[in-house]
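These notes open a run of structures that come right after.
Next come two complexes, and both contain chain A; in the first it sits with chain B, in the second with chain C.
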Partner chain A sequence: MNALETFGLGVRYGQSWAVRDCTLSIEEGHVVALVGSNGAGKTTLLHCAVGLTEATCGTISVLGDLRAGSDEALARVAFVAQDTPLYRHLTVTEMVEVAANLNRSFDLPFATARLRQLDIPAKRRVGKLSGGQQAQLALTLALARHPDLVILDEPLARLDPVARHDVMALVLSMAAEEGISVIFSSHVVSELERVADYLVLMAHGSLQLTGPIDEILASHTVLAGPADDADRVATQCSVVHVEQAARRVQLLVRHDQSVDIPPGWEASPPSLDELVLAYLRDPSVVGRSGPLALAATRAGGTLR
Partner chain B sequence: MTTAHAVDPLHVQGANETTGRGALRRLLRVTWLQHRGACLALFALFAVLVAAIVVEWTRADASYVAFVGDGCVGHLDASTCNNEALALGGGIDFQTIGTVLAALPVLVGVFVGAPLVAREIESGTFRFAWTQATSRTPLVVATLGMLAGLVTVLAVVLGLVFGGWYAHLYEVVLSPIYSDWQATLFAATWWMLAAWALMALAIGTLLGTLIARTVAAMATTAGVLVALVVGGRLLLPHLLDVGAHVTRLPGPIGTMAIGAINSPVEGGWPFPVGSWVARSWLTGPHGHVLGIGAIQHVSSELSSRTARTGDRWLSVHHDAFRVAYQPPGHFWMFQGVEGLVVLGIAACCVMATRRLLVRRAAP
Partner chain C sequence: MTIVKRETEKPRSPLIFRLDPRSGVPTYLQLVHQVEHAIRLGYLLHGDQLPRLKDVVASLSINPNTVQKAYRHLEQEGLIGARPGQGTFVLASPETVGLAELEALRKRLVDGWLRDAAAAGLDEEGIAALFASALRDFRERQSDTAHGSQLRRARAPREAGGVA
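Up next is the complex of A and B:
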């Protein structure tokens, strides 16, 4: 069963497309990192997944064939929105009460215990909590529903490093123990590898790269060699990113099978950070091969 | 999976009830938590208005004792009694309370209806509320329904208390200034107050959903509702000519004018108490309506005659003085028609809101 599936999904606001031609299929049980620069379409995609935004074209379903945003889907999907909007005039207790009353099942002891553990005062108004506490509260309310799919839009943005670590540890432990799927968007590239096992990269509303992280890493290699030999090497593989320093050049290349290391060149596996940053630096990278692509990269730092 | 039960301090009751009554109770609790400020403000306004009416009612009762004690019942023509009658009614700031009651639907629309969805969208909390297991349409419709229930109860009680007050006065003083048909009182019956309050709530909610900005939605709602209230009041006198009874009278009586009258029945007029006189006109020998020149001629002829001789003069000249009036029995018919139209508008607004909500994309 797929946790999230889209086919030709497009969302248009006025004349511009926030998401276009998005075809995606993520099996359940994954912890998915949705990465992309600002305006890449991450939030729009996540809003589509919970029915907050209607698709202009294409289809989107969750947890098998449940229509995104349908009552059946919402009963099994928990969503924590960017900036964790909660009712600021309510106390923490009342906020929990609202969440409990809006859901058919709600694990109150879990919510209570976790909020106590986090030292979040039950009688304090939500608006008086720190940004991190609000994020923790929102996450607690989502997890207390014991959903099959948790969708988190920038959950780490307002958290300090310790809280960030704790939050992701909790999400991961619940994913492992209860087999829930998690999709989260994030700008914190450094922690992706530790947290996620599936990557979706978006740029300008389109999918750039998608798949299990170990497979993605296995299909990319960093080749380092003489700059004057770069054109020749570039004809043989799909170059994603080029970094040139003096007479040496470093190519991040993408390949379907094992790459043949050219004579005089060294090959090394890329780190996930390195790979993601390479794609993020150029949203239009599609990994084309050949001298033209290399020339384009040298000229503007991009491959098109 | 554990379900909600008592755990202090985060105590939640019945979070897992899925039956209709349980679901309703849960939504009722959510509505109260989210909108208790508006509900309490409504209650406060309600309490103030009821208190004002009750205080004035009590004072009027005390005055009535004196009125009866002075033997004024049925003797309003005596100057002393007339003054006492005026004092009985005049001390009561009837118009002020009537005006506040007329403003009640506007207040409901602006402060309860307009922010209902607009505030959710503007503050972003819709991203929380509309992604829970209770999805957006049932949530908003249930919330709207519960607020509508509260507004209806308050409006009905206010209308009944206010109606009881002026009906009481009317019986005591028999003064035409308290005619049910007058715009202030016509709009302040329990039925009309409730209908207008519900329409205002629905219009405010629709505009809030459409505009998605709280202050702008409140301002627009205020403008639309004030226009509707004022328009309704201006339109009412014209509507009260529809389906009126037409009768032939001996001649213009007292100060009764020719043309649009729109006045409650005064002493000496031969209409049932509680009627509303809409207009009058003169007809000629062939039943046609006389023009201004002919009217002036007839008026000058009748001015020097008594009612009896004036009637004879009209008969001889085959002229007739006719009056259109609404009998008291038509009052609730008019109330019913206007109320149903108003409720129809409210229903359309709710349906439009529901449609907008379904189609509404996250901003």
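Up next is the complex of A and C:
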């Protein structure tokens, strides 16, 4: 079953497309990181997935074939928006009661137990909680509905490192215990590799790179070699990013299966950080297509 | 100073995982290495429980699939086994080296070789480099004679078709 599936999805605001030609299919059970620069279309895509924004063209469905935003879908999907919407003047206990009354299925014992575990003072007003505690409260209220899919828009923005760790730990332990799927958008590139196992990279409303992180890493290689040989090598494979130095050049290349390393060149696996940054720096690079694999060269070892 | 324990439940496993994000080693392999290391040094004994999936995930804030991948890897190596509904337990035991023996070896290293090396004027990095290179030589000489595995598997890996 797919947690999220889109086909030719497009959203237009006036003259400009916030999301265009977006075709995705993500199996359930993943923790998906949605990454892109400001204005890349991340929030619009997430809003489509919960029915807050209507698609201009194409289709989007969640948890198999449930139409995004339909009653059946909303009963099983939880969404926490960027600004953690809570009633600031209520106490924590009152906020939990409101959430319990507004939602058809709400696990009150679960919510109170979690909040106690998180050391969130029940009598304090929501507005007086720290940013991390507010994020944890919003998340707990979302998780208390025992959803099958949790969608989080920038859950880590505005949080300090400790709160970031605790919030992600809360989401991930729910993923471990109940096998729920998680989709979250983020600017924090450095922690992705630990937390997520599926990556969706967006630029200017289009998908730039998507797939399980293992596979993405395996299909990219950093080649370092002499600068005067760079043009020849660059014509033989799809280059994502070029780093120039005196006499030497470093290429991040994408390939389908194995790479024949050109003689005189060194190959090493990229880290997820450098890979994501390389794509973000050049939004015109689309990693899903293009001429792939280095042409066979006479000498040199084979990678993978 | 007193150490305040926030944990409501008593930890069941003697093992605590930690991650080094700068090591460049994939996260699941770091977990694998730490279990192997703990078994080798006798911190983890036959029958000891490994941290539960949700506890590892919550304490390190990492992807559950990563932990499962590490445990699957260790299971295939025959080092650990899962008991349904109970958890994951150590099947292997360290080869002959007991804690007392380890302590004696360590003492000989500290009071003997390390002291001599420091007296000869080697700094910490020099000592580490010399030890690493000597260990490499030693390993190469060993592997010429026999390839002795350092961990005794409790049972043959499944594909070898051991006795049940």
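Please note the rule applied: the second predicted complex is superposed on the first by the 286 of 304 C-alpha atoms of A that agree within 3 Å, B and C clash if a C-alpha of one lies under 4 Å from a C-alpha of the other, contacts with A are read in each partner's own complex, and residues count from 1 in each chain.
Methods note: a contact is a pair of C-beta atoms (placed from the backbone, for glycine too) under 8 Å apart; a residue touches a chain by one contact, two chains touch by 3 or more.
Only a predicted model underlies this, so the values are computations on that prediction, with no experimental measurement involved.
When the two structures are aligned on the shared chain, A:Ala196 is found in touch with chain C, with no touch to chain B.
Counting residues of chain A touched by each partner, chain B versus chain C, the larger count belongs to B. Shared-chain residue A:Glu177: touches chain C; no touch with chain B. By the touch criterion stated above, A:Ala169 is placed in contact with chain C alone, chain B being left untouched.
By the touch criterion stated above, A:Ser37 is placed in contact with neither chain B nor chain C. In the superposition on chain A, contact of A:Arg145 is made with chain B only, not with chain C. Within the superposed three-chain model, A:Phe110 lies in touch with chain B and out of touch with chain C [touch as defined at top]. Look at A:Asn2: by the touch rule set out above, it reaches neither chain B nor chain C. In the superposition on chain A, A:Glu94 contacts chain B only, with no contact to chain C.
Chain contact summary for the complex, chain C toward chain A: residues 6, 8, 19, 21, 24, 27, 53-54, 57-67. Interface residues of chain A facing chain B in the complex, by the touch rule stated above, are 13, 47, 50-54, 69-71, 74-75, 77-79, 81, 83, 85-90, 92-94, 96-112, 115, 122-123, 138, 145-146. Residue ranges of chain B in contact with chain A, taken from their complex: 1-5, 7, 9-12, 14-16, 18, 26-27, 29-30, 33-34, 37, 123-135, 139, 359, 361-362.
For chain A in complex with chain C, the touching residues are 29-31, 117, 119, 165-166, 168-170, 172-173, 175-177, 190, 193-197, 271.
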